[in-house]
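Written below as structure tokens is the structure these notes are about.
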Amino acid sequence: MGSDVHEEELISIPITVDVPYRFAAGKYLGKFLVELRDNGTFYGIRCPVCKRVQMPPRIVCAQCHVKNTEWVKLGNEGTLVGFTIMYIPLTDPTTGKPHDPPFTYGSVKLDGSDSVLDHLVNIEPDVSKIWVGMRMRVVLRPKGERIGDLSDILYFEPLEGQVQPE
Amino acid sequence: MSERVAIVGVAQTRFSAKRADVNYAELAYEVIEKVLSDTGLEIERDIDNSISCSHDIWDGQTISNIGITDVIGGHLRNEEKMAMDGSTAVYYGAIGILSSEFNCTLLMAHTKMSQTNRNIVNNDAFDPIYTRILGFDYTSAAALQAKRYMDRYGITGEQTAKVVVKSRANAAKNPYAQVKESITVEGVLKSPIIAAPLREMDIAPDSDGAVAVILASEKRAREITDTPVWIRGLGTCYDAHYLGDRDLAECMALRKAAERAYAMAGIGDPPKGIDLIELGDEFSYQELLWLEGLGICREGEGGKLIDSGVTALEGALPVNPSGGVLSGVPANVMGLRSAAEAALQIMGKAGEHQIPDARTAVVQGHSGFCGQHHCVIVLARD
Amino acid sequence: MKRNVAIVGGGQTYHAARRHDVNQVEMVNEAVRRALDDAEMTIDEMDAVLLGNMEFFEGTHMTDCWMVDGSGVYGRSGLKITTGGTVGATIVCAGAHHVASGLFDRVLCIGFEKQEEGDTGAILSGVAHPLYGRSMAGAAVGYFAMMGTSYMATWGATEEHSAMVAVKARQNARKNEYAHLKLDISVQDVLNSRMLAYPIRILDMCPASNGACAMILADEKTARDRSKKPVWIRAMDTAHNEQFELDWRDVTTKRKIFSRVCAERIYKKLGVKDPAEYFDVFEIYEPATWSELVWYEDLGLCRPGEGFRLVEEGKTGIDGSIPVNPSGGVLSTNCIGASAMLRVWEAALQIRGDAGGHQVPRDVRRALSTAYGGTNWTVMIALSADRDD
Amino acid sequence: MAEETNYEIFEVDQHITAHSRYFAGKMGSLFYRTLRDEKKIMGVNCKKCNKVFWPPRSTCGRCFSQLAESDMVEIGPQGTLETFTLITYSEPVHPRTAPFIYGIIKLDGADTGMAHIIDEVDFDDLSIGMRMEPVFEEERKGTILDIRHFKPVS
């Protein structure tokens, strides 16, 4: 067995790897991000074979191996399909800014979409106050502040007047 | 090899300095869609394995084959990523078919060099304990190799410049090539020093692009095409890592990889029996050094070879009729592109840069700085 | 496969959160030497050396090129493949392809990770698409937390059930000399441990380990001539999942799931009707407790919704009727690039009867290993003491 | 479906920034302690190959012999220039501003070379085979840059 205790000093070399990128969104995600930024609108894309509406929009339906063709405007409301309360900070690696815990994090299927979107949920972090099936709306940053990124979404918030099913 | 594997289809993008209009999945799909439609094959029905070829650090995504799973047909199916030069994807794809686990394999290599900085990327390939913080990259390492090689054997800047001139002349005839402008030896020698003795024109430019190749077992190959290109020999080999460990003027790993491939292909006395070579010339001197490693000439005679004109398009043994990497082919994609171009030659479909009656081709690819890992593949019509 | 392939040797490092005494090359070499010793072979007998790890995890590009002195690949044939967390098993498959092809008789396969040297947060958030989700990357813990809430809400399991998985893993690890988290813990200890993302507590998650595993695969003649206890690779199968639709966490999904598809295919290759009866031991890749319960169901060890009953009844314990992860599994040891290979190697050790303190107390003839990684990817490998059965 | 809009090319600048820490191992640590504390350079002797390697390593890459700290020997500090290059471009990963010189120096007593920076000489005055010696940093931290650079033996 090895051990952490060594008589001699053990040397280590710290290196910060910092690689710059200029990512191109491409034809499909590019339209999605521009529409989100400029119009606050979510777009999915429908597969001509299985009819699945996919978000984010992408070139190929992985299931059917065909090009996706039909753009579909999605709702800004949807249904919660999964959730958790995060007790650890979540750091945005693109900005280095942390979201402080605890906070509610959820997975929402926007109306018209077959895909889900994970994001913050503006509900106090208490599992008794949130349930699968809850109706949610997307709350966006104001138009001038949006950059074409999922961080343009502030959070999901529940529609008013919902009662938790027994 | 007792059983056989063939290249039955190839597709490549037009290589370009920057493709801002597509992400790497869309770039990849251009060649996947084309090779499938050219061969009449369908993912679900015909392809039972896929191998992609790129690197996380180039793609800017951890486990970057996540990004091409959808387009390569990886969903609920087999997909593996070769984190090496594309030539090795051909090597491993052929092994998969020879094992009888697979019958028809889709290979695809892609990289967008334009989206990042190659020197920063390649600096991370140097060992972090003794070398990396000195700031080396593939170009500075190659310069050390070029100096050592040229000094030992008296290879001149004019001779390496001739490699660039030949590359451009060949690229001008290749519709997929990126840099086609003709240049003279004087023009190369007038380009600025980047890392002595390497000048700007001695170094392959950044490139965005993708290549797809389909391999098939003999039975499937006969069903798919009338012009199968048989994989006759395969070889790989690693050299030492540290620059100072290697004799940079020689290429032990390439020599061994070539010996392995030639032994399998029954090539006893190269270049006898070889009609053309496609190799990874990221730097002009590499064409000469790699030709020595491939046993095409004796050590130190690479310079004489280019002087003789033997390796020109109309010479007895054309090298890089496609224009090679010097005319612009992305890292990682290089070796798969070489295999695709060699296959086109053997199929007789290379177009303007076709070598008459090309029957046997040698493909070389390498990974790591100064060619630490080499892969050699012998392709043939028969 | 064209030729039969046997595992004729293997070895692993001990696994720990800190290995300041070795660099990555030296750590890999520890596993390689153990594998060669185990097989009673020399490095010169290896026709090829294949290496895999979680690419760029430690911030190094082309680790295979750096590892040359430790892996023994200098002057030899070889290559590097990466497929994320599944890579250790992918490398075993690649080794099997090499041997089966007839071009190579003895192949050394290596998987490793020195997690302490990398920047886990930066690299794991890099898994998300750079322009869709990276700024919001919820990390693996958020994903498995949603799997937990879905599982509980759908099947009526409780946090005690996931805690039982956590206890089983760490108690098994105490019997495994190489394991990382050898914890003498109870269900209550798990429930008292720090909450990360409801209902996932710190003891519900795998650790970050340093370690390496190496295995030697050989053709039938070599296996017969050289190995006292060859373990045969009977079948392999891989299923990746698309980039964005990660339904595994939703236990009610009606879509085809990678794990079930892959299991169905490998069972078909082997003619397996009842996997719980067919295989004597399972080594599965469970990054979180809840995923172990879902694996039970996806592998067909029980009906959907009954996974938590298996652990509750102790059926998947070392001395249970369906032993799962007697080694302690990924919950006890997670050196990413080695984790999936460790599953295969631990399964082989069980078949050889060489697992030592964590040997399953029954006649082990057949075993199944699974891997997990990427965006819900798996590789399954079925092993047997018998070449043909 | 709405008529096709021509969307702009959408590109985003990002960085992947990862803080790594690489452990040198026991032999690497002895190398760096000796360099830092005594300004001495060590290699490792593989008795089977009868070769001295730099950098030190616990396995001989050639013959696979296991090597240990007890096999480590002092090499150099002077050596012979094997190859060199002039770098004219600048990158953030460079420790120097261009133009600067890299070379490989085979230290006396070693069979393999050390890649490093060369300074205190005009590029045009360098030639392969020239005798070189290290210039050590005043404040040494246990990295390869404790050797500031090599220069021709005066």
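As written, the chain order gives the labels A, B, C and D, with residue 1 at the start of each chain.
The criterion applied here is as follows: contacts are C-beta pairs under 8 Å (C-beta built on N, C-alpha and C of every residue); 3 or more make two chains touch, one makes a residue touch a chain.
Computed from a predicted model, the values in this text were never measured in an experiment.
Visitor: Quick check on the contact graph: shortest path length from chain A to chain D, in steps?
Guide: 1
Visitor: Just to be sure I understand the contacts, which chains border both chain D and chain C?
Guide: Correct list: A, B.
Visitor: Please identify the chain with the largest separation between its CA centroid and the CA centroid of chain B.
Guide: Centroid comparison gives A as the farthest chain from chain B.
Visitor: With contacts counted as C-beta pairs, which pair of chains has the highest total?
Guide: B-C
Visitor: Just curious, how far off is chain B from chain A if you go by their C-alpha centres, in Å?
Guide: 39
Visitor: Between chain B and chain D, what's the gap in Å when you average each chain's C-alpha atoms?
Guide: Whole-Å distance between the two chain centres: 29.
Visitor: Just the number, please: Cα centre separation of chain B and chain C in whole Å.
Guide: Roughly 34 Å separates the two chain centres.
Visitor: For chain A, give me the residues that contact two or more of the other chains.
Guide: In chain A, residues 6, 10, 12-13, 15, 17-25, 27, 29, 33, 58, 62-63, 93-94, 149 touch at least two other chains, as defined above.
Visitor: Where does chain C touch two or more other chains at once, residue-wise?
Guide: Correct list: 19-23, 59-60, 68-69, 74, 119, 122-123, 126, 129-131, 134, 242-243.
Visitor: Could you tell me which residues belong to chain D and also touch two or more other chains?
Guide: 9-12, 14, 16-24, 26, 28, 61, 92, 143
Visitor: Could you draw the chains as nodes, link the ones that touch, and say if you get a line, ring, star, complete or other?
Guide: Here the contact pattern is complete, since every chain touches every other one.
Visitor: Okay, in this complex, where on chain D does chain C touch?
Guide: Spelled out, the residues of chain D in touch with chain C are 10, 12, 14, 16-26, 28, 57-62, 64, 66.
Visitor: Chain D touches which residues of chain A in the complex?
Guide: Within the complex, chain A contacts chain D at residues 6, 8-25, 27, 29-31, 33-34, 70-71, 93-94, 148-149.
Visitor: Within their complex, state which residues of chain D touch chain B.
Guide: 9, 11, 14, 16, 20, 22, 24, 28, 53-55, 61, 82-89, 91-96, 102-104, 106, 112-117, 123, 128, 143-145
Visitor: Would you pull the chain D residues touching chain A in the complex into a rising list?
Guide: Those in contact with chain A are residues 1-2, 5, 7-24, 26, 28-30, 32-33, 92, 142-143.
Visitor: Any idea which chain B residues touch chain A in the complex?
Guide: It is residues 19-23, 25-26, 29, 33, 42-44, 57, 60, 69-71, 73-75, 112, 114-117, 120-121, 124, 128-129, 132-133 of chain B that touch chain A.
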